[in-house]
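Take a look at the structures below.
Note that chain A is present in both complexes that follow, paired respectively with chain B and with chain C.
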Partner chain A sequence: MKRAKVTNIAGIIARELTRDNVFLSLSGASVLLVFASLILNEMVVGQQIKATKDLGLSVLNLFSLFIVIFLGISQVSGDIGGTSLYFLFSKPVRRSEYLVGTAVAVFMAVFCGVLVITVTIFLLSIFQGEVWIMGLLIAAYLTLLEMLVMLAFALLFTLITSSQLAMFLTLSVYIIGHTIQQAAVIADRSSNLVLKYIILLLYGLCPNLEFFNKKTEIIYHVNIPLSYFLYTTVYSFSYTTLIVLLALYVFKHKEI
Partner chain B sequence: MIVQNKNRSIIKSFWRSRNLFSKRFLVLILIVVFGLLLVVSQGYLSRHVVLTMENKKESDLYLPEPAYLAFISCGHEGLVADLVLAKALTYFGSHYYERHTFGFKHLKKLFFTAVEMDPMNRDAILLAGNILGNVDMRSAMEILKLGMFYHPQYWKFPEMMGFYYFFKLNNPLKAAQYYEMASRLPGHPPYVPSISGKLYEESGRYGEALRVLINFYTTAEDKRLKESFKQSILELEEKIKKRDFMLKATIIKVLDGVTVEFKRDASNPQFGFLKRVETYRVVGPVSRELKGGDGVEKLAGLLRRDYARFMLEGADVGLLFQRERDGSLKRDSEDRLMGSITMKNNLQFEPLSVDQKLLEPEELDRERIYSMVGKTVSIRFTVQKVEAIGKMIYFRAGSAYRSRFSAVIPVEYAVNFETVEPGSAGWFRGLEGKTIVVNGLAQIRGGEVQVTLYFPGQLKEFN
Partner chain C sequence: MIIEIENCEKTFKKNFRTIHALKGVSFRVVKNKILGILGPNGAGKTTLLKIITGIIQPGMNSGKILIFNKKPGEFEKQRLGFLPENPEFFKNITAYELLEFSLKITGTGFSKDRIVEVLEKVGLEGERNERVKTFSKGMRQRMGIAQAIIHSPELLILDEPMSGLDPLGRRMVIDLIRDYHRKGKTILFSTHDLDDIEALCTDVMVLNHGEILLEKSLRELRAHGTYKIEVEGKAEGEHEKGKQVFAVTDGGELWAKLEEIRRTGMQLIKVQSGIGEQLESYYKEGRAK
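Right after this comes the complex of A and B.
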């Protein structure tokens, strides 16, 4: 796998993705949603801009997820279903280079989206009288790590099923990933042994996306140790690498 | 005009062609029919929705349990909590004017859900405690206890509990316990411990009050705070001393504004030597009867008698006797016992009469200055000089007493007086040569007797 080829593929696809109407509409809608927090702020008690922070961080997270689901999956499934891959693979480009290049491109699109939302929230916080920067950067970083994992799953599902089913499965992983921790608590209390072991198995296999959810700590200025960021980074990269390797294996044996 | 003519020509062309099933005609018919149906159905549905909402106003509000909501929120609990809180506030606002009819059935659940979803939001808990306090006191207490559970180091929750126990539930002892709890937590303002002491005092738990105050006196680091606690301790010790020498009695007759007949409480053996019914002259070291010509004195006497009858006749009171040097009870030439009367809630009859202008505060007396030390006094004197020395503003009494009596205001408290009269320094200086009345605890400092003033109510110009 040559880095130059991956970079070229990623650059081309990223340009295509950021000009995509879906990307632009999602970005526009997210920015509008963040602005809606101005109304919610009037009705919520707490810190001065608590609603902006709450809504902003949720929009940041969900918007990134939608980019992964809509752009990532449609890009790969479109390429596989169409004829562009025939031309591409007739050149000296390996399948792994294409897949990694696509993943990098989608991640770049996610990064651009996160940047847009982060800047919007930051400007809005200044407008409301509080310079909120550190917490916002931490949230953006953790969101990017989370989306890395989601992107790996999205690619894997796109390669093994149809695009609609892949979207559904990716969304399911997101929901399971955020609820698995509570499910583990329920399993721990459950007297049903079968249920208990199923949940524990799921807990072991599924990604625990709550590791990337530190919204409460960020909003209420609770100190997060530096080692925590290190471990979440390691966790995210390890999980992503494993899933991408699996996806590469599937893609290598897939008939196009 | 052109459009109208065009429409007319279309209709005419339909009519002339007699082709009722032409494509254009069908489209027109469909538009009209479905337009009408839309208007009718919309009208019906809107009415139905309004009716349903009215019926449902107090019966149904679907709100899942907080744990379930947290589960399905997929890590966005904060946002969901914000939305539930906004719903709670709009619910409160929309039901406020109908509260007597419908009440606030779902308010508790909404607030509890919002708090359980985002327990870190302390302001939301305080707001819920505040709003529920006006609606349902038990729920307010529950939510504040929840706040104390999640934030055991935050002083405002026990403080609010104490406030409710005192002002709404009329339970000063419980209130004192919560204020004491609040005063042990970091960040509490200086008034909290003194309130806990006062409330213990209010509930008759003098020992508890003294313990709390001494504890705060010894642990306080701020000099001003220490002084304030010291003052409270001295006042309380005086009260305890009074209580120990106080006789419980019932006033059976008011003879005049300052003389009453009382029946003693037989349970106190210390006063067993007294007759069952005694006459008592209300006179302390701080006041005297009004003087004046043209019947003023007589009129004041009548007013004082009526006031005393209203306040005292039939009342259970505490009597604190004046004593001779040998410790025996002091009697005047008419064999009346002498002393002060303490009514319910620790109110002193004599200062109340002074407030009502039925008695005059006693003018400073050379012989009595040192006998006042340790007592709460109300003294009248002419200010010879106002001077600021160090951190105190001194109101010097007449030249004969210069080195023996002053009223003092700590500089940092001068701002309290400024709010009453702008331009404090000027105003204080303006009192030179005037007669003033000061109320407070008499203490010895630097060889002179001083009354320290903290609040405007302790200082009045004598008219």
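Right after this comes the complex of A and C.
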């Protein structure tokens, strides 16, 4: 796998994604939603800035997920379903270079979107009389780490199933990933052995996405130790590498 | 040797059925040939071209498959240009950007002037900054040809190159293939059109149900073909007035007949090689199977 080729592929696919109407619409809608917190503030007495933070961070997370699901999956499934890959693979491009390049491109699109929303929330916070920067940067960083994992799953699912099913499965991983910790606690107390083992199996297989959710701590300025960032970074990169390697193996043996 | 294929097989699984796309196809292509691959839909033409380009792997039981004396996954792909059937590209990218990307990825070191030159050659110079998604089918086909030739490859493989093109586009492809041939390059193309084969190729292969029905040079076909000679009687009394058609069955007989026509003072209107008819019979045989 050559880095220059991955960079070229990532560059052109990132351009393709960021010019897409879906990306532009999602970015526009997200910025509008963040601004909607101003209306919400009228209804919340005394906690205006909290409402902006709360809504802003939710939009940040959901927007990133939608980029991964709608753009990432449709890009790869569109390429595989059409003849774009014939154009690429008749040139000196390896399958691994295409897949890693695409992953980098989708991540770049997510990064651009996250940047736009983060700046919007930051400007709103200034407008509301509080310069909120550190918490916002932490939230953006954790969102990017989470989306790295989601992106790896989205690519893997796209390669083994249809685009619609891949979207459904990716969304399922997101929901399970955010609820599995509580489910594991419930399962531990449960007397139903079947339910207990199913949940424990899911707990072992699915990523624990709650690691990346520090919204409450961020909003209420609770100190997050530096070691926590190191841990989540290693967790995200390890999980992503594992899933991407699996996706590369699947793609290598896939008939196109 | 540019292409050497022995006993190439390929099967696909579709809806729990096994489809034998290629059943032991063997052939060779030497440098500076134009091989036309003819066959009905589902004959295996596209599968064969995809194996040659290294896009898909040949079947496990296939024999030797060498492109530029190397296995399909190992040869330098800079030496190859490929136009897929119904080409699709990144839709939000402009024509210029797509060719720029193609140049970068092939790493052949051409300057950016080459992009303008190729866009002019395929008749898309006015659309260089237009996004590919706004292109019609014919324009996408031209774009496909442009990306296939941008790095001036030694081997050009075109899957249905005339598809979706207007008469000017067809003329452009014909001129391009002839120009490439003059430059000593090798061209493979698949088509349904018998006239394209007759007008352009040095060699022809008829494929059907994954098997080769015919593989010959056009020179061989001409030597064994039926020629139709259309003449008009000139001297009254000696020959009847009006058009006459003679049929001869090989090249030697053809020259003798032409000499006779010249001697008798008849006016030669046209000579039809009959290759089209021969190919048509193979094509129909293939379709009927």
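Following the convention adopted for this analysis, the second predicted complex is superposed on the first by the 252 of 256 C-alpha atoms of A that agree within 3 Å, B and C clash if a C-alpha of one lies under 4 Å from a C-alpha of the other, contacts with A are read in each partner's own complex, and residues count from 1 in each chain.
What we mean here is this: a residue touches a chain if its C-beta (ideal position, glycine included) is under 8 Å from a C-beta of that chain, and two chains touch if they have at least 3 such contacts.
Because the structure is predicted, anything quoted here is derived from the model rather than measured.
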Here chain A is shared; do chain B and chain C fit on it together or clash? fit
Quick one: is A:Ser58 in contact with chain B, with chain C, with both, or with neither? Answer first, second, both or neither. first
Name the contact category of A:Lys215: first (chain B only), second (chain C only), both, or neither. first
Please indicate which partner A:Lys91 is in contact with in the superposed arrangement: first for chain B, second for chain C, both, or neither. second
First (chain B), second (chain C), both or neither touched by A:Val234: neither
Let me test your reading of the model: by the given contact rule, A:Val119 touches which partner, first (chain B), second (chain C), both or neither? neither
Applying the touch criterion given at the start, work out whether A:Leu201 contacts chain B, chain C, both or neither, answering first, second, both or neither. neither
Contact-wise, after the overlay, does A:Leu242 reach chain B, chain C, both or neither (first, second, both, neither)? neither
For the combined three-chain view, what is the angle at the C-alpha centre of chain A formed with the C-alpha centres of chain B and chain C, to the nearest 10°? 160
Looking at A:Lys5, would you say it contacts chain B, chain C, both, or neither? Reply first, second, both or neither. second
So, does A:Thr83 touch the first partner chain B, the second partner chain C, both, or neither? second
In the superposition on the shared chain, how near does any CA atom of chain B get to one of chain C? Answer in angstrom. 34
Those residues of chain A which chain B touches in one complex and chain C touches in the other: none
Which bits of chain B are touching chain A when the two form their complex? 70-72, 74-79, 81-83, 85-86, 89-90, 118, 120-124, 127
Can you check the complex and tell me which residues of chain A touch chain B? 40, 43-47, 50-51, 53-55, 57-58, 61-62, 174-175, 178-179, 182, 209-210, 213, 215-216, 219-220, 222
Going by the contact rule set out above, which residues of chain A touch chain C in the complex? 5, 8-9, 12-13, 15-17, 19-20, 82-93, 255-256
Spell out the residues on chain C that touch chain A in their complex, using ranges where they run on. 12, 50, 53-56, 76-78, 80-82, 84-93, 97, 101-102, 104-107, 131, 144, 147, 157
